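As structure tokens, here come the structures.
Paired with chain B in one complex and with chain C in the other, chain A is shared by the two complexes that follow.
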Partner chain A sequence: MAQSPEINRTPAEAALADWFAATESGRTGEGPIGEMRAEAFDRFRGQGLPHRRVEAYKYTDLRATLRTLPAAAEPASREAAEAALAAAPVLSGEGFAPARIAIVNGRFVPELSDLDGLDGAVSVHGFSEMFAGSADPALARVGSLAAGVDDPMLALNTALFDDGVVISVTAGATVARAIELLHVVAGDAAVTTMPRHAVFVGEGATVRFLERHEATSDLAHTTNAAIELEVAANASVTWAKLQAEPLAATHVGTMTTTIGTEARFAHLTMTLGAKLARSQIFARVEGEFVEASFDAATFIKGEQHADNTLVIDHKVPNGVSQERFRSVVDDRAQAVVQGRINVWPHAQKTDARMMSNALLLSEGCEAVNKPELEIFADDVQCAHGATSGQIDEQALFYLRSRGIPRRQAERLLIESFLIGAVEGIGDEEISDALSGRMRSALDLG
Partner chain B sequence: MPAVQETIDQVQSIDIDKYKYGFVTDIESDKAPKGLDESIIAFISQKKAEPDWMLQWRLEAYKRWQTLEEPTWARVNYPKIDFQDLYYYAAPKSTDGPKSLDEVDPELLRTYEKLGIPLKEQEILAGVRKQGEASTLDEDSLNAPSGRVAVDAVFDSVSVVTTFKEELAKAGVIFCSISEAIREHPELVQKYLGSVVPITDNFYATLNSAVFTDGSFVYVPPGVRCPMELSTYFRINEQNTGQFERTLIIADKGSYVSYLEGCTAPQRDENQLHAAVVELIAMDDAEIKYSTVQNWYPGDVDGKGGIYNFVTKRGDCRGANSKISWTQVETGSAITWKYPSCILRGDNSRGEFYSIAISNGHQQIDSGTKMIHLGRNTSSRIISKGIAAGKSENTYRGLVQANRRAANARNFTQCDSLLIGDQCGAHTVPYIEAKTPSAKFEHEATTSKISDDQLFYCRSRGIGEEEAVALIVNGFVKDVIQQLPMEFAVEAQKLIGVSLEGSVG
Partner chain C sequence: MTKMLQIKNLHARIDEREILKGIDLEVGAGEVHAIMGPNGSGKSTLSHVLAGRDEYEVTEGQVLFNGVDLLELEPEERAAAGVFLAFQYPIEVPGVANMTFLKTSLNAQRKERGEDAMSTPEFMKLVKGAAEKLNISQEMLRRPVNVGFSGGEKKRNEILQMAVLDPKLAVLDETDSGLDIDALKIVADGVNALRSPDRSFVVITHYQRLLEHIVPDVVHVLAGGRIVKTGGKELALELEARGYADFVEAA
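After this line comes the complex of A and B, so read on.
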């Protein structure tokens, strides 16, 4: 049902075509990356911004909501970048001091980053630095993990990203300090950013990441971020994403990941911000005996729209995955959860369980669940469940009978509902820090 | 028994060549020329002696159909259908209004006998249930003679006979072919036809609106509990013929009707198209129970031939406290594309969907339901059991939606899939949309193979493997079988046995 944007292009699509034309021959378009970009843009152009007739975007119509796009972000001055980073909320948590990779206006700012204690175990390079000449072998692999995922927003990022980091974690290394990727936008006008990160975690390495998208203003920014993550055999990776963009912003974040033999991967998405948000994960279990978990905690209100989309491919036998979505929806907000478990032929003994719960707090809000199973192997255990409803009156009554006022009782129940997903990440430091953020969001609500 | 090599071998060796109803009846028939255009529609309309409004209605649908594209979203693959290469009308020659069964072509009667559908009433009495034995379904109608089923037999494009008409008429129930209803009860047909599935609804429903040839019509007047089960038996016999039947059932205030539908087709190499539309309307306090045992020819071992079953079925709980219940056992057809739905418009109305879908060989099933909650305090329940064997694909696709005003809407959905063999696929695609906070939706789905524990338990009790698997499968589908009227429950259980024969270890 793809319409030809050549004939019927929205102003946003026209702006993206101009953007591509401007960068095509420019600074980041050399060699294989240039070819990859051209191919990706062709693919994007063929589909245009995804709309409701595209099944994967049925509930999140980007074509209709992104009629126009703010201008592409320019690099921020040192002072502006510093100010923006300083304005980002500080994560509370006892002794929690992650290393910091600062991403301002979609660009890596090494001088404002803090990479102490990562020496030897983790290498971090900005794309622009690598394009300029340093020949990191990792650069050649950028894009390889996103191959095979046909998503227009990912293709758009591939075509247009101008910076971000390539992170390599040495095989066998255990990185004690969590690594934070802090995204902020400086300046006083709404802009569009498309950061791209590629993360390669070597065999047997253990590492924790915290990806943050923070608001430092109330401007209607647009973000289309993409991350490629490779979890090699026996590695253990914890990845938490906090999306707290301005309430006027649009946020699309895509992660593509491949998980190797006997690796462990825990992912959490916490969605608090943006007017329109879509966090999507395309995970491929490529080695046997993988243990993976994907949790999502969403609290939205007002006119917010939050979409959590997850596609997990069990391609080999003996994989275990658990998916848990918890959404709390207030006012006139809309929560969308789309989860698909694909079990490939011969991926026997796969055990995949998906659960999506939505709590609806007020008249006018909506929750949509689309939990799909696609099973091509017979000796598997796959299940999904979905519920939506209001706060349990009995639980509320119990708390009130103990003298807790109604509002506070509701708040407690909402908190415990969301905490269930936040703690799924299995890392106390990170879940403590994020539950702190969640609590302050609930206080405001 | 994950290895299940035996099972796989058996699936391969036996597969689905077990179709019992694959014979062809040699009967002279009247056909319209091949292809579809306005003159064919006029031909059908004229054959049926329809009033002009009906013809106009068909032509409008045809015009609309020409602007539509075939849907491609379902998880089914088949070569493109050439809609000009079909016969849209075929009728046994001798059907010019038989007044009684004695006038019906004996060849036809024999066909139905062979199918296990004895059209003669006394045979129904003898064949279905012992006389005097009360049916659980007729408890409330003690005055009515129990254990009888009125049958409307549809052969290719026309209804050949409808039994028990007079007796039903005494109760005020109208049960006849839709063509007859268009002639005899135009006011009812005009009022309700297309009011649930409008002519603009979807590609196949629109095609059906243009060319439907026959089907059943039921009207149950206010306060009447239909004294017997009503039933239609569909048979496709002719080659290259599409069957487009249309069923319209109206249960007026406070009435009740239970309706059964069965279908078979001969074994042929080419695919045949069956695109039906069923509309149900339940007014205040009325209840409609609609049961289907679908056993169209599924194609041969290599997936050659078989029926394309593209059906639109929808019920409208128009009145308060009304109830519509769909029960289906899907074992046949090469491709099934079917989503019996309920529009829960009336306050406190209730929709139910019970389904067993069994696919084997190269069958493809994409089926499910839609529960659209519009009224207050509406509730719905979906129980779907899919069993995939051989090289088949079995998809459950369903929508549960509560609109803003559907306060206290309640849904429970359970869709389970069972895979037998490692070359089949089972898919679940539910859409759950809650637009009011007081809606309470629960959905659960599982996919698994037959549990080793259960099998071991049975085997340790001395039950043979094949029997044990049958037992477990029957347990798996029990929730649905229980919803079937007794006559069908037995047949369905047997069908499950036939469909899975050889595929269970």
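After this line comes the complex of A and C, so read on.
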């Protein structure tokens, strides 16, 4: 592979090049999905870490923030992995006991996972196990759902991911037990992890996922996670992501998803952690009569920066999507919302509505809203709106006049503001568990 | 005996505009005082100043509540001291269940007063009893505060809060506005059930009809930011017959 001329490569970019050179694909272009990796790394190297002159990263300059990169994470010992998983906060919620896929240091740890009750309906395999020769046909499809999405961080993950899981949900299955993908980092040094998951939900299946990225230390980890999700026709998928990484960490998470005919998809991103976070979703509505919702609840303070980026492509007619972002920003924190709705030429009767509301709690905080609509069909309903405001004085007075002290009243109103997005997921168990986490975060606020 | 509420020469303004221009009012324990007056006379301003809304600036005068300078207290401290304002336009609080709101309010007040939190069974019993009298369903108690409530439901909910929080002084700000006859009766019955020798009411209203149900001991006419006439309950009837025109001119 020819070296392209690279000027002003940052130490982080140099480290990534070395990292790739040390992998099998980097050396030979071979190995499982080797060609795809080599191609992805070429694409990444062509652009480097995205920076503010790249439109999609205008407000989230990763090149400037990630001058250096912590070392790639090594697999954790069993004891360390156990300790890290035990240190993850317990989700409250009456009787809520999801199945657990444990991801420690970016790697699937089957022996610390709990997959009871999924037999026959859900198969879960680690990539490393598949690379070693297991013949799951799903492996051949990894990468296919991310194809067509041109994003440097996704390309970087494709080039470098070590492990993660491939999940297949059998067509027609109704999986009663929610499945959590719990990501933690073990050890006492900052590391970089790049987990990758590929999830295939078969036709007519119903399943709920809870993707968690939890802090078990205050180390400045870097995460660059990617998930490919296929929602087949008539399936119903609920996916909630909780990003609660250490306040010194950098978190980038990308989801690419395709949604089939008459499928229902509900997604929620709750952002509480990381110094710099970007959660991005690239969703493609590929079948008619899809109902999709994307909610985001963000509460950040201090010097935190949180970016929620969503690109939804309505490629076919009669799709309904709703995008709702709620951000609460305190101190000198900055919240970024970029929402883009593309309606393709034949996607008539599309109904897509996007709303972004920010609650600003301090003089020094900031909320950036960048809504974009690109509509090439003529019979559609699309709307977007954005508001930024402060806590409603009248509501605050109402609560205080009932005896609730100012601080507690403010907290209640913040919770009341965010809950609209949290409940948008439409699953009581998950929204209860996550609102519990939100409430604890507000107590510290 | 000292009066429960003593308002002396109270002046208040908002945005440089003086609205209360020297109110004098004394309310004794157990008394019900009605304050009537034309629109814009300062009725709602008075109620908000008593509850502590800080957008109004008090420029002169004094408000003593059981001998304590009320104007020195934060709204939540006034509530804990026993002042309750039933809002003309109750606020919606999405995501906070009515029941949770009641419990949070009650226990915040008890904490401020140095009392223990009320036990859940005791609280449930209290709310259930009060809700039944006001025809408030369990479903309404579970719903977020005032969200999706009709005008009448919101007003009944205010009275429920009053019943649960058990104030010493209740100020009802145009509680009758937007109520049909049936709802008015439920609300009035709720208020009457709470009348006691230790509890006083200031009932602010534009119309006399509420006072047919909540019969006042004293009626005041507020016009142009001052109390221009005080009389017995028959004054309300007189106003109903003759209107406020005389007073608007007088002020």
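Everything below uses one rule, namely that the second predicted complex is superposed on the first by the 431 of 445 C-alpha atoms of A that agree within 3 Å, B and C clash if a C-alpha of one lies under 4 Å from a C-alpha of the other, contacts with A are read in each partner's own complex, and residues count from 1 in each chain.
The rule we apply is simple: contacts are C-beta pairs under 8 Å (C-beta built on N, C-alpha and C of every residue); 3 or more make two chains touch, one makes a residue touch a chain.
Predicted, not measured: the structure shown is a model, and the values here were computed from it.
Asker: Looking at the combined model built on chain A, do chain B and chain C fit side by side or clash?
Answerer: Fit: chain B and chain C sit side by side once superposed on chain A.
Asker: Which partner does A:408 contact after superposing on A: first (chain B), second (chain C), both, neither?
Answerer: In the superposition, A:408 contacts chain C only.
Asker: Report for A:374: first if it touches chain B alone, second if chain C alone, otherwise both or neither.
Answerer: first
Asker: Given the touch rule stated above, what does A:170 touch, chain B (first), chain C (second), both, or neither?
Answerer: Neither: A:170 stays clear of chain B and chain C.
Asker: Output check: A:419 vs chain B and chain C. Expected answer is one of first, second, both, neither. What do you get?
Answerer: A:419 sits against chain C, while chain B stays out of touch.
Asker: Using the superposition described at the top, determine whether chain B or chain C touches more residues of chain A.
Answerer: Counting residues of chain A touched by each partner, the higher count goes to B.
Asker: Looking at A:318 after the superposition, I want to know if it touches chain B, chain C, both of them or none. Which is it: first, second, both, neither?
Answerer: Touch status of A:318: no partner.
Asker: After superposing the two complexes on chain A, what is the shortest C-alpha distance between chain B and chain C, in Å?
Answerer: When the complexes share the chain A frame, the smallest chain B-chain C C-alpha distance is 16 Å.
Asker: Residue numbers of chain A touching chain B in their complex, please.
Answerer: Residue list for chain A touching chain B: 55, 345-346, 348-349, 358, 360-390.
Asker: Could you pull out which chain C residues touch chain A in their complex?
Answerer: 51-55, 74-76, 78-80, 84-85, 87, 90-91, 93-96, 101, 104-106, 108-109, 112, 144, 161, 165
Asker: Spell out the part of chain B that touches chain A in their complex, as residue ranges.
Answerer: Contacts found on chain B: 2, 4, 73, 404, 417, 419-449.
Asker: In the complex of these two chains, what residues of chain A are touching chain C?
Answerer: 392-395, 397-406, 408-409, 412-413, 415-420, 423
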